Amino acid sequence: MIRNGKKNYNLIVGSIITGFILLLILVGTFYTPYDPDAMDAASKFAGVSLKHPMGCDNFGRDIFSRVLEGSRTTFIVAAGTVFIGTFFGIIMGALTGYYGGIVDEILMRFNDAMFAFPSILLALLFISLFGSGKYQVILALGIAFIPSFARIVRSEFIKCKNMDYVKNAKLQGASNIRIMFVHILPNTVTVLLSAIMIGFNNAVLAEAGMSFLGIGVQPPDASLGRMLSEAQTYLFSAPTYAIFPGLIIILMVLGFSLLGDGLKSEE
Amino acid sequence: MAEKILEVSDLCVSYECARKTPFEKKKSIQVLKEVSFSMEKGEILGLVGESGSGKTTLARAILGMIPYEGTIIKTIENPQMVFQDPYGSLNPSKKVGWILEEPLRLKGGYTDEERHEKVVAMLHMVGLDEKFMDRYPRQLSGGQRQRVCIAGALMLEPKLLIADEPVSALDVTIQAQILELLQRIHKEMDLSIIFISHDLRVVYQMCDTVMIMKDGQIVERGTVEEVYFNHKSEYTGNLLQSAGIDINS
Amino acid sequence: MDEKHLLKVTDLNIEFHDHIVPETVVYDFDLTLDEGDIVGLVGESGSGKSMSALAIAGLLSRKDMKKRGEILFEGVDLLTCERSTLRDIQGNDISVIFQEPMTSLNPVKKIGWQVEESLRIHTDMTKEERYQKVIQMLEDVELDNPEQVYNQYPHELSGGMRQRVMIAAAMICAPKILIADEPTTALDVTIQAQIVKLLKRINKEKKTAIIFISHDLSLVKQICERVLVMQGGYIVESGLTEDIFNNPQKEYTKKLIEAIPKVDRNKKG
Amino acid sequence: MKYAGKKVITMIITLFAVTLFVFLAFHFISGDPATSMLGTEATPERVEALREEMGLNDPVLLQYGRWALNFLKGDMGISYSYRMSVSEMVADKIPVTVTLTILAFLMMVVIAIPLGIYTAKHVGGVIDRIIYMINQVIMAFPPFFAGILITLVFGRILKLFTPGGYVSYQKDFFGFVGYLIFPAFAIALPKAAMAVKLLRSSVISESKLDYVRTAYSRGNSTKAVLYKHVLKNALIPVITFLGMALADMIAGSIIIEQVFSIPGLGRILLTSISNRDYPVVMAVIVCISLLVLVVNMVVDIIYGLVDPRISIE
């Protein structure tokens, strides 16, 4: 983490924040102070206290417990989205970038059209056809994210396939599949990693946005975006209800983007 | 008369230009125009020309890397190539050991130990020791990289090596060492070499025979002495003069 | 003060401070240059030849050259003078051409704009006068159709043409010193020979002093009267080109000269 | 000019593909429109009659052609839930969303370009580092959360505007724009932060290139090098980004409209999605796509004007 005598603050701070968030999610998986869905009329809009570190919402549910569960949902959705996007993006980008030709031409035109499309719009289209819910959101965002990953992988493959080491491998008799996935793919890791970081952040923001609109994750699953949309009504009376879920989203995104920047300058 | 290992006749190669619209007619540029020559076993053939003369295309056609018209008869198996840019021809994400073992893995039939032994032997052959196996290409100097490239090309013990500007990215003193290495393996491994270069001095030192190319055609072909001191074509004279070579010395 | 030399560099040291320990790339570099001289700076990569040249052109950060030494141009120390004085000299009295004409030209500006830039900065010429001057200069570096080239972009020209454009831009204010940093390395031999001929002509006709930097000894031998051989940041040997080639004193110089492949009829008996 | 023409053709082809895709998606997945319109209790005969009347028994492509042609004429079909013309429903929503997006875009450019240049000029300085950190945090802000905070701070606490007090542009244009300023700010802020970051890194990487050294060698001052040489090159990637950001903003306004209760395209889209009012959903999605595609086309053309290497190729 130290290079040329200068500390890589991005990497350090990014790791700390991301570590903290991952810890929260991990803890939240096994233990929450209260049942996130348990309502308690007595502690309705309870303020910040030792009993309720982030206060309570309009049904008297413990916000901290709900934030723990909500961040897990958000994280799972984002991770699933990025996985789908990366997996199919790599396959599509590798094949089109490596082989080129008419299939590449058509797929890329299609890709360009999809890419020009804001991913949230595509996800909305999908949701309006297939309904809302956690898995629908993962699928919708995942599909919407494929073009951007495919584009990145494709351009890396185009760059690499003209390199002499690829020609050399071909000359030595390596098969196309081997060249694509053993020789070229490892060289795209740096670029891919930073794309994954950015993609993850976009997925977090998109999921939060969709759940905020009420067309993302559905109850009983808690989600940070949903909490924010519920909190909006009680903004003045219970500002902590909105601020804490918002803060967690910001930290999650901030951590990954600092980490991404840090990794990039480490290269 | 030594045996012929390579015979090229009426070789034509053309590249298609990218079309601007799908309606446009396909255009193509002819890069090689009816090239014919042959090469003998043990020969070091210099291939000289300026950029765009088609020398690299000729090499690729011989190696079967691009489609061509005409005939190429090779009596030797799996010729290998050494590229100009030692930075680009080594996979940056792999260690030297992995890179050198790859041809053996692809061929198959070796155990892990055999592969390892062969790589170590080859590293010694090109003047490096086995600790280089665990290094990445970016940790090597330009000269060391080019040695690794040569080692990689020799792993399958080819009888023909095509070296495309193997020393032009290197400093003069390193250049001299690599040329010496090529000459040594030429003798020790009974290797024929096609040596592509734009540098007439290097070619003179390195090669037995030389072929001057211009615009996809062979301008002149002969032993270096013939071509350098008794050239028949004006273009050759122009090249020699441009390089500041005084042929009367 | 030594005012009779056009350029006098003494004890130039260059250190880079990117790392914890400063890295010295040039030690105690000395050079004198007079009107009409052509001096060669020869060495392998990392020898410090380009860095020395960039220092003379005022293109290095002054904090990297603080250790000691001076660069006197007509008596003015370029390392300590006002920045504006240095800028007045750059492009006007001292010009540079670089190895890669493609990347050294601004990709989104027309050739004419780039060639006349020094005129815009250093003279009060009108637009029309500048245009005439640029056309004349483009003709002077033997470019066909200067009017057409004026309106083209760098990517529309060939490598040789680009280097001619670079020379035109460098020579437009008739500088006293032209620094040529590996100007022909990226070019084909025949083009290389043409560029070398052009530089020689400029030197003869305009009395411009040239510092010619190259890794190619045989090329330097053709062009330069004097030569400085550098290695690892030091000047190993300097003197008249003829003396150095015929009678090298230092081991390294000998090695360099030996490394040039010889073309000699009796080689292979 | 040839280049611009090519871009226009590309856009038209893409628009064709997108509308066909949307049409087919709804055609095959959304179920039978006749049933949707008549409700589940309708007799099969009535449904069949309506199907015939609506042309639903024709081949799909013919239906697409008819739909597209009507769409071009301004007839976007009839809403299932409101039984009124979709065109009428959508028509007065478009100016709202477009104004919101344009406002946000202008704010982004006005904030990002000067700030980006400033930070690039002072790389490594204290202010640069502070701006970098602020930037990173702002980029992490979900736009709707920014909207919520803006409502809280500027609306509830400082009382600079009345949350929920949207004014129609037909009634009071200036009041309308005044109300949109804060939502536009919420949309612009994260994008502006990204643009600052991109411009900064673009200027820095351009400054390392050889032509910058050439510019200095001619006696240019640091300022002259930045403004006359580096900036134009550095802006090329930023233009692409601005185009994408504008497209994103059109889509992003869907969420912000919800936060600030603005009756724009986003609002109507969401209501229609929950009502399964497919003709409206389709119309809004196609309208937004059209806006996005036009923006992309304009960006491509500007790109060609700025970068001579593109248009000539």
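Order of writing sets the labels: A, B, C and D. Residues in every chain begin at 1.
Quick note on the criterion: contacts are C-beta pairs under 8 Å (C-beta built on N, C-alpha and C of every residue); 3 or more make two chains touch, one makes a residue touch a chain.
This is a predicted model, so every value here is computed, not measured.
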**Item:** Required steps from chain A to chain D (each step between touching chains, minimum)
**Value:** 1
**Fill in**
Maximum distance between Cα centroids and chain B occurs for chain D
**Message:** Looking only at C-beta pairs that count as contacts, which pair of chains has more of them, A-B or C-D?
**Reply:** C-D
**Prompt:** In whole angstrom, what separates the CA-based centres of chain A and chain B?
**Reply:** 48
**Request:** Could you grab the centroid distance between chain B and chain D? Build each centroid from C-alpha atoms only and quote it in angstrom.
**Result:** 54
**Asked** Using mean CA coordinates as chain centres, what's the chain B-chain C distance in Å?
**Response** 33
**Request:** Show which residues of chain D lie in contact with chain C when the two form their complex.
**Result:** 209-211, 213-221, 224, 229, 232-233, 236, 306-309, 312
**Item:** Of all residues in chain A, those that touch chain B in their complex
**Value:** 163-165, 167-174, 178, 183, 186-187, 189
**Item:** Residues on chain B engaged by chain A in the complex (per definition of touch)
**Value:** 63, 65, 78, 80-81, 83-85, 88-94, 102-103, 106-107, 152-153, 156
**Prompt:** What residues on chain B touch chain C, complex-wise?
**Reply:** 50-51, 171-176, 179, 198-202, 204-206, 224-225, 228-229, 238-239, 241-245, 247, 249
**Request:** Provide the residue numbers of chain D that touch chain A in the complex, in ascending order.
**Result:** 13-14, 17-18, 22, 25-26, 29-30, 136-137, 139-145, 148-149, 151-152, 156, 247-248, 250-252, 254-255, 258-259, 269-270, 272-274, 276, 278, 281, 285, 288-289, 292-293, 296
